[in-house]
Amino acid sequence: MSDTFASGLPLAAVLVPVGAAALASLTTGRWPNLRDAWATLAGIAMVAITVVLLVETLDDRIHRTVLLDLALGIDSPNITIALRADPAGMMFGVLVSVLWVLAGIYAVGYMRGEHEQKQTRFFTAFALSIAAAAGVALAENLLTFVLFYELLSLFTYPLVTHRETESALVAGRKYLAYTLSGGVMLIGAAAWLHVLGVDATFRAGGFLDGAGLDSVTQWVLFGLLAGGVGVKAAVMPLHSWLPSAMVAPTPVSALLHAVAVVKAGVFGMVRVGVFVFGASVLDDMGAWLVLAVMSAATLLIGSTLALRHDNLKRRLAYSTISHLSYIVLGVALIGPLALTGALLHIVGHGVTKITLFFVAGAIHVKTHKENVSELDGIGRQMPITMGAFALASLSMVGIPPFILFTSKWYLGWGAVEVGQEPFLIVYLVSGMLSAAYLFPIIIRAFARRSPDHTRFGEADIRMVAPIAVTAVLALVWGVAPDLPLGFFELASTVAADAFPPSVALAGGTP
Amino acid sequence: MDPQPQLPVFIVGAPLLFAVVVPVLGRVWRHSAFLIALATVAVAAVASALSLELVLRQGAFSYYLGGWAPPVGIEYVIDEVSALVSLVITSVSFLVLISTRRWAEREAGDRPGIFYGLVLLLLAGLTGIVVTGGLFNLFVFLEIASLAAYALVFIGGRKAMLAGFRYLIIGSIGGAFYLLGVGFVYFATGTLNMIEARELLEVTENARAAQVGAVFIFAGLGLKMALVPMHLWLPDAYEHAPSSVNSLIAPVMTKVAAYAMLRMFLSVFPAGFLSGSVPVADALLILGLIGIVFGSIAAAGQTDIRRMLAYSSISQLAFIAVGIGLGTPLALAAALLHIVNHAAMKATLFLAASSIRLRVGLQRTHNLTGLGPRMPLTMGAFAIGSVAMVGIPPTAGFFSKWYMVQAGLDEGQWIVVAVVLLSSLLTAVYLFKVLEQAYLRPAKPEPSAHHDAEQGGSADAAARPSEQAMRPVVERAREAPFDVWLPLVLLAAATVGLGIANVVIMEHVLLPGVS
Amino acid sequence: MRVLMFEFLAALIALLIWASADLPDRADPLAPANQHLSPELTELTESEVVIPNLVSAILADFRSYDTLGETFVIFTAGLAVLLVLQVSRRVPEESPDE
Amino acid sequence: MNERYDSVILHFIARVFLVPLIIVFGIYVLLHGELSPGGGFQAGAIVAAALLLVRLTLGNRQGALRIPQGLLIWLACIGLGVYMFGGILPLILGDNFLDYARIPVEWYNQFAGEPRTARSMGIFIIEVGVFFGVVAVLVLIYDLLAGSSRQ
Amino acid sequence: MIWWLELALFGLLVVTALIALSVRDMIAAVATLSVYSFLAAVLLALMGAVDVALTEAALGAGVTGVLLIGAISVVERRTPD
Amino acid sequence: MIDEIAARFPYWATAVLLVVGLYGMMGKRSLVKQVIGLSIFQSAIILFFISGSLLEGATIPILYSVHGEGHANPDDFVNPLPHVLMLTAIVVGVAITGVALSFLVSIYREFGTLDERELLDEVRG
């Protein structure tokens, strides 16, 4: 068993980006280089912290910071606000910190290349969003989770509306309306659990397991919690904010779709499914089926819609919607293999999708092209960029040995393990659809000849380098998911904690 | 009798004493009025803080005025709740007061002594209400505060006159209803002391009379706190009141009425007394729920910032009423917490609105385009206040909502939970509308907007809106002067600080206070 | 609107009359108000304050704080009238466009 | 209404006869407040009513017991100040606010025919304060109200 | 027992109150209000509240009336209702 | 029947006066009439309190025993406490009336009318 001890490190992981935000806003646009350096330095510091935490976690030493512990003298449990570096949280936390460094460097190149306005505000909000995402990752209990989850909505709002155009404002409003509503649902659920006297500390296997709630209560709670996190996870029919939010600058899209927001949503789904309800409760309720059917539908519809969109970023957005549902479905299938796959998919999709968005951004900076149909021949002009795109696309489709192959393999295997073969078919079909919406781009880029004779070179080094790194990461983690950061070990630890051998496998297994 | 700590006297006595000094001294040396008023409020705030510290150290205590123990005499009841609320009122007023000098010179003409005398009387009345333990004494101080408020609202210009008169009539009805209710309680029990009244009400034979008394007391205080449907005076009064007064009255005045109502629940009417044949508690709950929704929706429809904030106040006060109506210790504590939080949040928002008015002269939301970067501190404070109002976690507003939701769940009042949660979304609708205008809209030229140029516009003639060049007003707008932005920043910091300290306040002050 | 007002007034009068049925009778010596505090006040006036006028004793001694408040109400009114009729008059009307 | 009632008789009655009488009665009420019905309020109200009566009958002409506004404000503040003094004096002596039990009265009893207790002394002090406050404020309000038509 | 006297006075009070509210001439209304206050003072004295009666007579009938007249002398005499 | 009336009429009468005053404040267009209504409304409450202070066979609250002989019997005096309260309430009432009148004068100077309907038109128009 792992032992837990008090430490300041989890708090430090949250505070480092806050500090970066403060420094960036104080430095202001007068010294842009210094301002942008803060983010990179802080990102490296944060990676260091999270890696230390990761090593510790892998050694079964869980670091925990209690920010607030309060007995209210009323017969409900203490109100505790605490951060804890548990295996599941660390997966998300490390992912966030690593991708922040890359996205930060990329953002510098992008923002300068596009001559975007109000860069200070952008970098400040960016860092704050990372802090909130780190908080979401490390939250020890539901209340802490809700707290940071709400903050994440707030801090990303200025990012979505960054362009300040009419459509950006509309998208911002939509985004805020959706996410705040989700937050409200979560607050309601958290308060209710608190009143019911349930200790809402996340526990592998579910803290509601054995709490003795009646099934109506469970269903309502499930509706509130799954609905609340489902907004950010863009499960249909709660997804419509996501394509609209594509008006934001590309680093934001990368952050939203690959790192912070939607991953917080699916990570929340993992928390809700595994750490709040747990396998046996979900199985008894039958709620897994609802979740599974909804996510499977989202998966297929999302992929299909992606086919129809010519705008590259929109196509990627629908692809995101579909891939998020991979993870939700993995959670819903409640089996150890499916869960391992889902967790790996969070990481894998993170690095893969961020590559794709980076590429889209780089193309836009260089050529101002946004549509797939305009990309003929671009591969020859920007070989590194489009090469990375091709690698990421292969990963996306699930070709071995890329990371997403590994995760999809586990997901599919998990579906078989629990005896739900129809969902395996869903996964396979969706993989083929992925190929259908991604490969044409590669073919256009490399096989066709550019219609006009303008020559474009590669983008700024600050953009190309992160693209290359993430693409390579997608490959490396696919070949060796345990290297260098032990994601596979973490995922299987979580799965083992959540499904101890004594628990019967769920999902209608005989 | 042991000598009692003399601290509480200063909370009320200092403003009273200097309210007498200021008018005459202000004639001799004009600038003394502001300084004396500021110092006096500081004294009251310090006295409140020391009282609170004493309460936390030794428990609640009474102060017998004139040395007569109640029920013969009148007492101050200094417990956790009253000490905290008086501390909040005095310190928020202190901060707001710093900024009033700029307006007072214009709005109060060459007689700042009179103006600051009234301000001090207003504060004395409010703190008097908070600390008193007597039913009738509360009425007297309520009238002091109200009279001062009527006059201060009235001097805001043409439209404020009618609003002020309406305020006076409705406020007087409220006061008289309260007095009538006290009469009923007095004839049913024979006492005017709150705590003794509670004991006697539990055994009274004239329960029906006392209940009707409760109805009148709550109707009277409901009028003063602008509980729907008794809110009609508030939007006009808050919209048209002069800037200096607005940010002073809005955060504290109605809150004190709400506090008085809560006090009635805590120390006068026994539990269960208000849910019998005359279901006052339920009525309060229902009116509160209606008020939350109504206030938010009405606020969303406003184009004038201050009117929007006024409707928002209606909604927030209804929130407090819901807490009182639920009546459990947790709900009451949540309501009290919201009184504290809301005082800070609304002071921030109204002061920011006043600051905008000072520099831009415009109050319409659609005219604030691009103001964010030009007045970073003002709009930053406004943003923090807004976020707190919406109830985003670490800020103050989140926790009162959290506790209220819990209290509603405890009681199985699902509708309360739903409305409280919904209200934060509705709040987001109207406040983010302003933020969006200020921060995210690129400045674009607009044609004439002469209807926006209200009286009492900007202080410096250069920034005064005129018909041909309205747009440059925003573009030329500078940050508010030091004595306006400093309190604003402090208040915004307090909003965040209260959010972090909320739970501590709840644990050490409010929950012991209500049980 | 007017109908609503008359209904409200009628309801108010009905409520008051309904409540009055439960109030002590006129001049009832056993009413709580007459039983509870009045004897104590009389006694204390005789022994401690030593002035004949009970009302003055209560007004200016037992409840002198109320009286303080009351005097300040008058004072507030004086300042309010001064502010309204003297001070605000001198402030120029600031609506350049109206 | 300022010119119509301007008759010599009315003038005489009001100014020379009625008003002094009322004022004397008012002061009697003030000083006798502890013995018989009356006190600072009543006295203040009566004297103020008398002063207002003069203004009403004679209009606001010069000489109608016109008191300068500044003086009225001073008077009101002094009245209230006396009251606060009555409250603060016990505070200085170590008692509660407005607790008259230890107000010094020996100096008064030395040359007064009828000895007072400390408490009745305190009552007297604040009654005087109330008296001045009420008179000054009521007259002030009337002057402002009626005077506002004639700038 | 003099309760019927009180009753009669109460009746008169109601009548004068209604008159004060319904006459259209302001001076008349104020005069009626003074009468109302005076009657109220008599009633108060009858009920043993001499101090209150004294104050009501001076303040209610006297000062309020004079203040009202002072104010009305500035504004118009007729009212719409 | 007569007993019931004798025991209750002060309450009923004050209730009627209260409502009359309230009608004046809410239903009258003239602001002056509203102030008059306010006056009536407040005096109704005063009468309500004082009529509750009555005591069978009692007299005005002056203790002749203080400078004379013997002890005072509380039952000989009407309850003085409501008197004190109502002294305060009267003064408060006059203060409010004074302020209200100053408002009236100020409004009249600004708008030239005291008709609420016209004033509302003026402000909105």
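Points to keep in mind about this one:
Order of writing sets the labels: A, B, C, D, E and F. Residues in every chain begin at 1.
Heads up, the rule we're going with is that contacts are C-beta pairs under 8 Å (C-beta built on N, C-alpha and C of every residue); 3 or more make two chains touch, one makes a residue touch a chain.
Computed from a predicted structure; not experimentally measured.
Chains that touch both chain B and chain D: C, F. Counted as hops between touching chains, the shortest connection from chain B to chain E is 2. Nearest to the common centre of all protein CA atoms is the CA centroid of chain B.
If you compare D-F with C-F, the chain pair joined by more contacting C-beta pairs is C-F.
Taking each chain's centre as the average of its CA atoms, chain B and chain F sit 29 Å apart.
Separating the CA-averaged centres of chain A and chain C is a span of 65 Å. Distance from the chain D centre to the chain E centre is 24 Å, each centre being the mean of its Cα atoms.
Inter-chain centre distance (chain E to chain F, centres taken as mean C-alpha positions): 10 Å. Looking at chain F, residues 6, 9-10, 16, 18, 22-23, 51-54, 60-62, 81-83, 85, 87-88, 91-92, 94-96, 98-99, 101-106, 109 sit in touch with two or more other chains.
Residues of chain B in contact with at least two other chains: 16, 20, 23, 65-66, 68, 136, 140, 143, 147, 150-151, 154, 158, 186-187, 192. Among the residues of chain A, none is found touching two or more other chains. Against chain D, the residues of chain E that register as touching in their complex are 50-51, 54-55, 58-59, 62-63, 66-67, 69-71, 73-74.
On the side of chain D, the complex with chain F involves touching residues 35-37, 41, 134, 138, 141, 144-145, 148.
Across the complex, chain D is touched by residues 3-4, 6, 9, 13, 16-17, 20-21, 23-24, 27, 63-68 of chain B. Those residues of chain A that touch chain B in the shared complex are 68, 70-74, 76, 79, 118, 146-148, 150-151, 153-154, 158, 161, 164, 168-169, 172-173, 176-177, 180-181, 184-185, 187-188, 191-192, 194-196.
Against chain C, the residues of chain F that register as touching in their complex are 6-12, 15-16, 18-19, 22-23, 26-27, 51-56, 61-67, 71-72, 74-75, 77, 79-85, 87-88, 91-92, 94-96, 98-99, 102-103, 105-106, 109.
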